[in-house]
Amino acid sequence: MKTNDVILRTVTKAVVFIILTFGVELFFAGHNSPGGGFIGGLVLSSALVLLFLVHDIETVQQGIPVDFKKVAAVGVIFAVGTGVGAVLFGAAFLTQTFGVFHLPVFGDTELATVVLFEVGVALTVVGTVVTIILSISEDV
Amino acid sequence: MLTILMAILIPFIAAILIPFIYKFIPRINIGWFVLVVPILLFIGLVRYVPSVAAGETYIKTISWIPSAGINFTTYLDGLSLIFGLLITGVGSLVILYSIYYLSDRESLGHFYVYLLLFMGAMLGVVFSDNMMVLYVFWELTSISSFLLIAFWYHRKQSRYGAQKSLLITVTGGLAMLIGFVMLYAMTGTFSIRENIAAIGDFTNHPLFVAALVLVLLGAFTKSAQFPFHIWLPDAMEAPTPVSAYLHSATMVKAGIYLVARFTTIFGGEEVWFYAVSGIGLLTLFWGSLNAIRQTDLKALLAYSTISQLGLVMSLFGLGSVALNAGVSSDSILYTQATFAALFHLINHSTFKGALFMVVGIVDHNVGTRDVRRLGGLMSLMPVTFSIALIGSFSMAGLPPFNGFLSKEMFFEAMLMMRDFDVLSIRSLGTIFPIVAWIASIFTFVYSMIIVFQTFFGEHQPDRLDRKAHEASKGMLIAPSVLAVLVVGIFFFPNIIGNYLLRPAMAAIYPTFLDVDQLTPHISAWHGLKNNMPLLMTIGVVIIGFLLYISLHRWRSLYSVGPMLWNLDTLYNWSLKQMESSSTAITNYYMSGHLRDYLTYIFGFFLFAVGGSLVLLGGFSFDVSNDAPILINEVILVLVMAIAAVCIVFVPSRVTAILLNGVLGYSIALFFVIFRAPDLALTQIVVETVTTALFLLCFYFLPELKREKSVRSSKILNGIIAISAGVLVTVIALSVQGNKLFDSISIYFENAYELTGGKNIVNTILGDFRAFDTMLEVVVLFIAGIGVYTLIKLKARKGERDVED
Amino acid sequence: MNASEIGEFVGALFILLGGIMSVISVYGLLRLPDVYTRSHAATKSSTLAVLLTLLGAFIYFWSTAHFISVRLLLGIVFVFLTAPVAGHLLVRAAYRSNVKLADISGTDDLHDVLHKEEK
Amino acid sequence: MIQMMITIALVLFAIAIGMAVLRIILGPSMPDRVLALDVIGVNLIASIAVISVLMNTKAFLEAILILGILSFIGTIAYSKFIERGVVVERKRDR
Amino acid sequence: MNNIVVLPMVIPLLAGVILIFLRSFVKVQRVLSLLAVIATGVVSISILNAIQSEGILRLDFGGWLPPYGILFVADSFSVLLVLTTAIVSTIILLYAFSTIGATRENMYFYSFVLFLIGGVNGSFLTGDLFNLFVCFEVMLLASYVLITLGGRKVQLVESIKYVVINVLSSWFFLLGIAYLYGSVGTLNMAHLSERIAEVGQGPLLTTISLIFLIVFSLKSGLLLYFWLPGSYSAPPTAIAALFGALLTKVGIYAMFRTFTLIFYHEPSITHTLIGVMAALTMIGGSIGAIAYKDVRQIVTYNVVITIGFILVGLAVSTEVAIMGSIYYLVHDMIIKALLFLLAGTMIYLTGTSRIEEMSGLIRNYPALGWLFFLTTLSLAGIPPLSGFIGKLYVGQGAVEAGSYTLLAIAFLSSMFVLYSLLQIFMNAFWGETIISEDEETPLQNRLLLPCVVLGIGTIALGIGAESIAAYVSDAATTLMNPQIYIDAVMNGNR
Amino acid sequence: METLITILVGILVTVAVYLLLSRSLIRIIVGSAVLSHAVHLLLMVMGGLKKGSAPLLDENATSYTDPLPQALILTAIVISFAVTAFLLVLGYRTYKETGLDDSKELRGFTDE
């Protein structure tokens, strides 16, 4: 049976956009207010889930031609890698540092290695959630 | 001079080399190479005789596991020398014999490897001073015996016998090990010598008797003492040279050795006397009684071995009285029992070895060992007959064979028990000589059966598989040597007495300083005056002869009443019962149902945790510190409770997860109320994604069915569930009422200074406890990839898996 | 009563109104006879309720802390964007999965349309 | 007074949630239940907003938005499940 | 700073992730996974030696001092186990190369094995209770996947039970952590110990400790071993061997750690209970081992018996007994791997797991047969093989502590081990040969070689027991004197 | 408040245990989900409730609620999500392979 999804799709476009922005915002806000890698990642993946729900797998995959397993793997490598990175700098495993830098455009900006770690977390979350959902759906 | 260490190692080294020699020199019978080993060792050991007789002992230590007190200490004294000579001497003869006995088609390589392993292990047992090393070798003898019994492993009986012997001897070995461990606990050393040296310090220790009993268990199982003797007849499935060697001359005597060795330590204890001599006598009696009913010659010899071992054992028991009584001129009398035991030990090896070889020859040449089919072989196999005659008469205790001498000494020792007042069993004391005498009569009878039923009577060639003929010369050498020894020892017993027995006695009774008193002069004739032993022997011969004549009349007694009771049947029955009942039990509780398993787990949880909470009284409530409650929170809690309870009863799966979703979202709200913004966010997202997953998977899953369980199990589930809930709540409340310390989290409130983050939870996740987060990411990742593989990798129908 | 107090009061009032509205709409959800009618209660009045509440909260924050919460505004937009769509989808799903109309609903106008299409 | 009003509102929302749960349990049809869940979601959003006001904190405002987004996603998932059984299709047949 | 301490966990994890990218390069996967495991082994050897000279090593992640951060603590006990894990898993990997099959290799088999090893090593090393939970989960999820890998019916059916029961046990674990945190307010194990020692282990804490007892019993299969026989007999040989060698050991390790470091104040309750459970486990395992005529079943029930045996050491809790348990743990990891590999090989060669359907294999596969015999003896604790010294020490400890019943059951259980395995040996290897030389499946050397290596291992460990004696006694000393551990964690500033 | 929530936890545990003990796979999985809710709440309770403001340093509060349990719960939530996902898929794979949804019939092989 054909289904008329025009309303849904139209709304989704806007909604996904909002979610993605919001997810990114949550991700970066994490250090100082609620949010962070996990939540950011989860929100991002929920945006993807919404896409899969509204459209079908193949359409979405045409739009985002990524192997999410590898995304997840890259995420893990990031997360573990920051730990190893600290070792390379002679600090204890998983030592995070932060500092306030003066950047030309942004002014005084706080940068922390923890962001890299959080990127790893977020990537893994996105990759994993999407992998799980895709795997199940493809089994149909 | 050959060191003792080398003596132990050479057989092992040879055992390793044998497979190679066997492979590369297939034409010459491998036995000839093997034969070199025991002969060399025998010669080497013989060279020790003079110095040992002079009271010398040799000791050498190589550390093995010093941290555990286990060191490879070899110790040579009179007692171990006797055994060493027996092992290597009889070993040489048996190997010589086996070269002719076993055909080239058998896997000789294996055979000799096992035999050498055994020889090495046995030497290890007798030459080790460290109890743990002794135990190592002890078990090794059990194993090599196991392998030898099952040499013809395709036969079911062989396997059965092998298993039986292994189970019984290893169990005994374990008991012995515990005994040793207990000794260690008392004295702090595994060295037998040091234990002996420390004697007196620990005889009152509560573990002393336990250790004694356990060590004895080891000895009894190994030496086939009643009721552990049942393995020995079945061990006769082994090739005859093995039976002659392991199951008559050496391995079974390891138990005797152990008893002799530990008499010095334990002998002073009454229990030791009762156990050793009592069990010994019982075995003597039971073995001889049962020997008569056997129709298989080897089985007959097996029972006779059992009975003879019992004899030796009981003598050692008597000998221990000397230690119990302490050093005095009276008690020295009792040491003669020990002397007799050692003497009989040697004699038994000679005549029993010869007899086994004879039976082997008969079996080999005629094709059967069944006395009912044998008869009249005397003229066909004259040499074999002579050897058999010598062996049997010696066993029966007739002159002029060595068995007579030791049997006389045995009677003498037993007669001493009449005057025995050391342990205040005067009235019971007379039982000893009586039992001994009756057993000797039976011994006489079965000795006659061996000789007369095999070699006299009617020859029945049609009932035999092969035509009877005299054995080859090579095969006769070994038994002949033993037969010569049987006669020789009778005429020159004191050579053995002075050179071998004397130092052994000194080893057993180190507290008795005067060794000469310990070694009586052995003589065949004690004069007429008060010669009770001789009278007893005469009685044995007369009654035994009468009984033998009338054997066909009373043999049927064996098939009445209690005689049918059989420890073998008990053993088989219990093994079978054990297996079937274990299957029943295990199948019962390992039902394969998840629900049952979960019930066990919760049951245990309620039992252990609930039990301890109730018994220890750990609960104490204190709600004064509680945060205030708002009405809306109460309503929410109620809503959640209702939603939760309804999950159980709803008939539709979607409703169930809807309700679960309600729970999840409400918890998110509570997280908000409890000031946990990050948690609220995460909870909401995770809840939604989980719901989506449920819905995705529901495509493949069926709608909920009504629970088919019976009502009672539902009630049980309910009870378990409610009690688990209550228990969790009670403990949680008690914990809240019982805060012992402040949390460490105060530290994290400096997060901004420490990490530059203002969201404390996030700094904990990303910095303080980043490792958790890292691993958590890994967990998530594994789950993701796992789901992928689980779905993608399906065993296709009909396709045989890689393995399965 | 200064401006901020008035704002506070207005905010609280909106919130209270939202609460009342919400209860009414849920009452509708309980009392109305079938899913199609209930969806009115659920999507329309509930949305209004949440709108009122969020607005109340927004005003409250604005007046007390002088803080314009973008998130609250976004939330309002979002709820308004999604709630009708969700309701629409759900009711369509209900109809497609043959959920019966209430007896008092009279005729099913859509039935003929759909089935004509099929024919 | 203001506290009072807000608290009453909070209680009202809780009651609303409770009644909606009743609808979930009663059914009768699946869309009814999902509808009720949707209502619960909306009420939760409101509750969070009110709690934020009550606690005078901005920390939970993200949760409002998230809850809005996700209850939407949830409802879509449910309605697709009810309609077709398949939540995510491999390829739309069109 | 001892960053080396984290390597036994990080190397396998990283390698496992990297292998995800190399899905189609099976050869590369093999080499890399092998290298990773060997590297872990090398690292742990150097850690072990460092401990002997410098005392307990610790690594505070992120440089946060305990009790605030998470840390890895490497004492002799844990590193010995890490080392053994590395050795055993290397050999099992070698075996897996030729048996696991291309389908599974393509499905990230090696990654999951590496994750499993990572999780196991992490559990051995961590010094934080919650982190222990997380490490457990890493290990468990990897094991969930491995047990289902291949998707055969029996695997799925058994894994459902395995997973649900383990989910439940994880839940108990969290419950315990929650209670403990609620009352003591910290998660660092040394700090927990310190705090509990300060106020004494009251009835409530004892009750909480019993929750941990349940958790670790479920993981180790102490009394609560129902899940074990089914799930260990379902997966392919290499995986089963990995499980048999590693999984239960983690639970045992955790039990030793918690009940010697944290909850050691009320032995009359906790340790007695452990003793009773150990006894029941040995009895149940013994009964199970002789109940079946199926190689897999017999082998898995043997796992159960051993668990009980090892925990006798903890129940008795004398230094000697604990030394015995440690020896036995190390021994058991090696020998159980061997046993599972042999059983799997037998099944592979004969196509059946029923011992009645096998006969006379020793003529076809003599090396396999003798290895099996050796394994039997080693498992029964017959000297001079590796099981003996552990058994002896446990026995000594039991005698010292006067727990004669436990001692008797422990030693008798080894008779059941012997009996059950002899059943296999005598029925399958002895008897009339029924496979003719033309029909027999050839036993490739690559299957046999790993078994031989492990066999040599058990002999070497038995005869050369002295070589690890120093480490073992150091480990036992540390376990018996919690203060050493606490000092190293809380006061040392390395 | 703590007492109230603890009792709620108890009820959730009761429900979850009952579900786990039932025969249907779906119920078991839902049970494990409920169980995880319960334990998360419990962890929360153990840190103390409403004892301060949200653990955000921007808020300039004087005291904060215990952040550590929150971090632990976050970790636990993600882990239980992973496990639930796996369990679900395992459940439906088993159902597809065996056609059985009933844990009682999923006996596996004992000694047949």
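So that you can tell them apart, the chains are marked A, B, C, D, E and F in the order they are listed, and the count of residues begins at 1 in each.
Methods note: a contact is a pair of C-beta atoms (placed from the backbone, for glycine too) under 8 Å apart; a residue touches a chain by one contact, two chains touch by 3 or more.
Computed from a predicted model, the values in this text were never measured in an experiment.
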Inset, instruction - Touching both chain B and chain F: give me those chains, sorted by label. - result: A, D, E
Legend entry - Chain nearest the overall Cα centroid: E
Inset, instruction - Weigh B-E against A-C on C-beta contact pairs and write down the one with more. - result: B-E
Inset, instruction - Could you find the chain whose CA centre sits the greatest distance from that of chain C? - result: B
Inset, instruction - Find the geometric centre of each of chain B and chain D from their Cα atoms only, then give the gap between the two centres in Å, rounded to an integer. - result: 70
Legend entry - Centre distance in Å when chain E and chain F are each reduced to the mean of their C-alpha atoms: 28
Inset, instruction - Provide the C-alpha centroid distance between chain D and chain F, rounded to the nearest whole angstrom. - result: 21
Inset, instruction - Provide the C-alpha centroid distance between chain C and chain E, rounded to the nearest whole angstrom. - result: 58
Inset, instruction - Would you please write down the residue numbers of chain B that are in contact with two or more other chains? - result: 583, 587, 590, 592, 594, 598, 633, 673, 675, 677-678, 680-682, 685-686, 688-689, 692-693, 696-700, 728, 732, 735-736, 743-744, 748, 758-759, 765, 767, 769-773, 776, 778-787, 790-792, 794
Legend entry - Multi-chain contact residues (two or more partners), chain C: 74, 78, 82, 85, 89, 96
Legend entry - Multi-partner residues of chain D (each touching 2 or more other chains): 10-11, 13, 15, 30, 34, 55, 59-60, 62-63, 65-66, 69-73, 76-78, 80, 82-83, 86-88
Legend entry - Interchain contacts (touch definition) - all pairs: A-B, A-C, A-D, A-E, A-F, B-D, B-E, B-F, C-D, D-F, E-F
Inset, instruction - Can you check the complex and tell me which residues of chain F touch chain D? - result: 53-54, 56, 59
Legend entry - Of chain B, residues touching chain A in the complex: 677-678, 680-682, 685-686, 688-689, 692-693, 696-697, 699-700, 755-759, 762-763, 765-767, 770-771, 773-774, 777-778, 780-781, 783-785, 787-788, 791-792
Legend entry - Residue ranges of chain B in contact with chain F within the complex: 583, 587, 590-595, 598-599, 602, 621, 623, 625-629, 633-634, 637, 640-641, 644-645, 647-648, 653, 656-657, 660, 663-664, 667, 670-671, 673-679, 682-683, 686, 689-690, 693-694, 697-698, 700-702, 704-705, 707-709, 717-718, 720-722, 724-726, 728-729, 732-733, 735-736, 743-745, 748-749, 751-752, 758-761, 764-765, 769, 772-773, 776, 779-780, 782-784, 786-787, 790-791, 794
Legend entry - chain D-touching residues of chain B, taken from the complex the two chains share: 630-633, 635-636, 638-639, 642-643, 646, 650, 652, 654-655, 658-659, 661-662, 665-666, 668-669, 672-673, 675, 677, 680-681, 684-685, 687-688, 691-692, 695-696, 698-699
Inset, instruction - Would you tell me which residues of chain A are touching chain C in their complex? - result: 1, 7-8, 11, 14-15, 18, 22
